[in-house]
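Read from first to last, the chains carry the letters A, B and C; within each, the first residue is number 1.
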Amino acid sequence: MCGIVGLLIKKPELQDRLGEWATPMLIGMTERGPDSAGIAVYGEPVADGLRKISLHAPAGFDWQGLQRQLADVAGFEVRANHAVLTTSADPVALRAWFKLTHPMVHVLSVGRTIDLYKDVGTPAQIADRYGMAGFRGTHLVAHTRMATESAVTPENAHPYTAGEDWCLVHNGSLSNPNSLRRQLEPLGISFDGDCDTEAACRYFEWRMREGDSLEQALNKGFDELDGFYTFLMGTSDALAIVRDGFACKPALVAETDDWVAIASEYRSLAHLPGVKGATLFEPQPERIYAWRAQQ
Amino acid sequence: MKIQREESWGYDRRILDYIQNASATGLYEIRGLGAKRQLPHFDDLIFLAGSLSRYPLEGYRERCLTSTVLGTRFASKPVELAIPITIAGMSFGSLSANVKQALGRAASEVGTSTTTGDGGMTEEERRASKTLVYQCLPSRYGFNPDDVRRADAIEVVIGQGAKPGGGGMLLGQKVNPRVAAMRTLPEGVDQRSACRHPDWTGPDDLAIKIRELREITDWKTPIYVKVGATRVFNDVKLAVHAGADVVVVDGMQGGTAATQTVFIENVGIPTLAAVRQAVEALEDMNMKGKVQLIVSGGIRTGADVAKALAMGADAVSIGQGVLMSLGCNSDSWVKGADPVTGKGGEHVSAIDDYAALGTAPGFCHHCHTGRCPVGVTTQDTVLEQRLQPPVGASRVRNYLNTMAMELSTIARACGKQNVHHLEREDLVALTIEAAAMAGVPLAGTSWIPGR
Amino acid sequence: MSGAAMVTSAAGGLVSFDLATTPLREVNQFLHTGLGQTTRVRIDNPDGAHSIAVGMDAPVQIDIAGNAGYYAAGMNKHASVTVHGNAGPSVAENMMSGTVRVKGFASVAAAASAHGGLLVVEGDAGLRCGISLKGADIVVGGSVGSFSMFMAQAGRLVVCGDAGDALGDSLYEAVIYVRGEVKSLGADARFEPLTEADIVALAALLEQAGLHDKDGKPYEPRSFKRIASARELYHWNVDANQSY
């Protein structure tokens, strides 16, 4: 019920092509996910002490009004239903404040490099709405969704984020998400929605909070998370993919000297420059593959 | 001495049998038919018919249309039926060749469709049945492109009501040479089918599979997607997203020729709740009328058909009822009937054969043994002669016609010129459970529990 | 037949299509009903399109010039299809006869439920290669992924490389030959000694597949191991302590 795509640019001089190359990748996954889409892009890190916070609000929201209410605003860019707030304020405190004063505003991501966009519409509409073709940066994780809930909402779209600069998209279906939620909520982990993917995201969030590396968390996940999954993750400087033991959900990796690209189907890779000479392979089940970006 | 007879509700004869059987064999019980436990069902719904505020149609003079078209969304050759009652998927292997022929003949005479099952398409059925739906199951036994091309519709089976999440089953005594050859299996093995399709998993990949079937059939043939009723609301939406022309939902009362009893009685939701959720899913996506809905699982009478249609189904599918029409659980079989009309002949008692299986007419669910006393669910060359195609065809035709007449009688009484104009506001419920599951008010009130 | 670039040779016919400009529907329709005297078809720029050349029913040669998506040559009868690149999931699924050759690697479920014909994968094949196989032959030059030949009923798989986990789980009468390492066997699968009949069969399959080792030599049949069903799951049996 989903399509996933990821792109990591290896050569710094090609970072301004990130969005241009990734946009047809996303649109190529429209049939797997026509209802909503999400994109996480990792760009120039903001200065130490500052954080970027991606926000989503329903159409017609008074962003100017919100900006006036905020202190410590180092930057505030609005586009369609989305805004990126750059601030030195404490993100945890800010999250609580938003919940209290502007409940219809959703905090999509927090970090120094990540910007995250999620919305309802076809992948092409969303790419256009947020100017995806112009995105620059080291890497990008995106997802197209085939919704089942009657309210096709932005909050239920992927990517999900945890902590800072960490995001996850998922193709597949987990079979024990509710037990996981009931295990994590008493530990102080809060959930935004009821999508099964969020259970995986919060599980990894908890493990990393407890000190596990991403690899350790993923390895524990093989036992604790039940069901079928291909997970594609972004961190501040890396792209990672892992598949469950049955590997029923597809994934394909193409790699050249210039980039690494990942997609559910080859269709989304076919347009990439140099793909005909790329190394192409399918990730093995229960193995973690990661690529680091040059800063 | 007076005998004390205080029975336990929780440890009744059924449970005593179960425990004693498990203790003797160490194996779960396998049986045929569907859920036998009492469930909220169509019996708990009734119609609000013509009155001062709503005018009925004349029962014998004013027309009431029953024709039904399925598969209009993408296919260039939708399925056109004279009545909204079809014959559900049942395998050659679970049923005899004579039965498949009888069903085909009856369906053709009445103007409806039959459906193949886990054993593939037989020549008899294709020849006998004017409209034949070809199932594509996880096992893919006998599945081949020539039959795909000569099918009138293709039904991709995710699951069935008797065992959602489980695959087909045919015990060794029914895997005779012909069945074995059709299924590419050694004779006599206990066949257990896979529960997932071999070449796709999940609705996103099902969409691609459906496209493949459309490409093979040059987009002529309607594609149905059949689910056993569990998470119906989500499943119907996903089936529509994946590109289905028709969705088939089979409630827990749906039958099988062989599966674990524990599966039949404890997995899947009642048809009543399933219909409601399926219709809600279609309405939510604004696909009502664009993607058709067929409902099965315990459809027995014309009243059941009418109620399913009123709740929003476009058609129903019948499996067990049709087998009972052929003679399942009847105490006799017919010998020497006219080979053309199927009439006449003499009734021969089958009571002793039931007894030999450890059962009696009215209680039998021993399809899995292959020793059906009336020759329906058997591959035995002697037993299968007990159901001759003309006899079977005549019975099933009569049964289908009776239900069709009952359906239009009810529809006319409700003032409808077309059975597809029956609507949920024509119904009220007799029990709170039925009101909640079906989403109709409790009779005499405006209360729908759970809303 | 708009959009088709026709190149006819004197031998009565090569036709080529460009999927970058011609809809797949048109190409498949031609392959089903428009072949006439055509004996060879080339399909350019497949770029991962799904269901290319499905439902073939004629002994033509089809060259897919690039990477194919899902279900390439699905339900093939009689045709000889070559994918000059990689194939997505379920290549040659339910094939009845004919030959399909993948020059690169094949994704999961290659030749799923295939009844006849031959699939050759020159590179690796993914998980579940030959799942539910019903009589076809598969020869893989590289390795196969886990769960290969799951519930395979008839037919043969030859693997010149290695096999993953759970090879041949719930095998019926299909037979597997592996030259390299088998990570683990599935339920009811077991190693058996090669017979002379196996040697003959292997030699014929390898010759048909035309595969050679990295030194360019043909593979030696005796270097393969035979895996077949122990047949202990054929019947319900309490005392056999079956786990399911």
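In this section, a residue touches a chain if its C-beta (ideal position, glycine included) is under 8 Å from a C-beta of that chain, and two chains touch if they have at least 3 such contacts.
It should be emphasised that the depicted structure is a prediction, and the values quoted were computed from it without experimental measurement.
Using CA-based centroids throughout, the chain positioned farthest away from subunit A is B.
The chain pair with more C-beta contacts between its two chains, of B-C and A-B, is B-C.
Averaged C-alpha coordinates put the centre of subunit B at 36 Å from the centre of subunit C. Note: centroid distance subunit A to subunit B, computed from Cα atoms, is 44 Å.
Taken residue by residue, subunit A touches two or more other chains at 248, 250, whereas all remaining positions touch fewer. Taken residue by residue, subunit C touches two or more other chains at 50, 69-70, 89, whereas all remaining positions touch fewer. Multi-chain contact residues of subunit B, defined as those touching 2 or more other chains: 205, 208.
The touching residues of subunit B, counted against subunit A in their complex, run 196, 201-205, 207-208, 233-234, 237-238, 241, 284. Here subunit B touches subunit C in the complex through residues 25-27, 139-140, 143-146, 148-149, 171-172, 184-186, 188-190, 194, 198-200, 205, 208-209, 211-212, 215-219, going by the rule given at the top.
Within the complex, the subunit C residues that touch subunit B are 24-25, 28-29, 32-33, 50-51, 54-55, 57, 69-71, 74-75, 77, 89-90, 93-94, 96, 109, 112-113, 115, 128, 131-132, 134-135, 150-151, 153-154, 172-173, 234-236, 238. Residues 1-3, 31-34, 146, 148, 150, 171-173, 228, 248-250, 264 of subunit A are the ones touching subunit B in the complex. Of all the residues in subunit A, the ones that touch subunit C in their complex are 245-248, 250, 252, 265-271, 280-282, 284-285.
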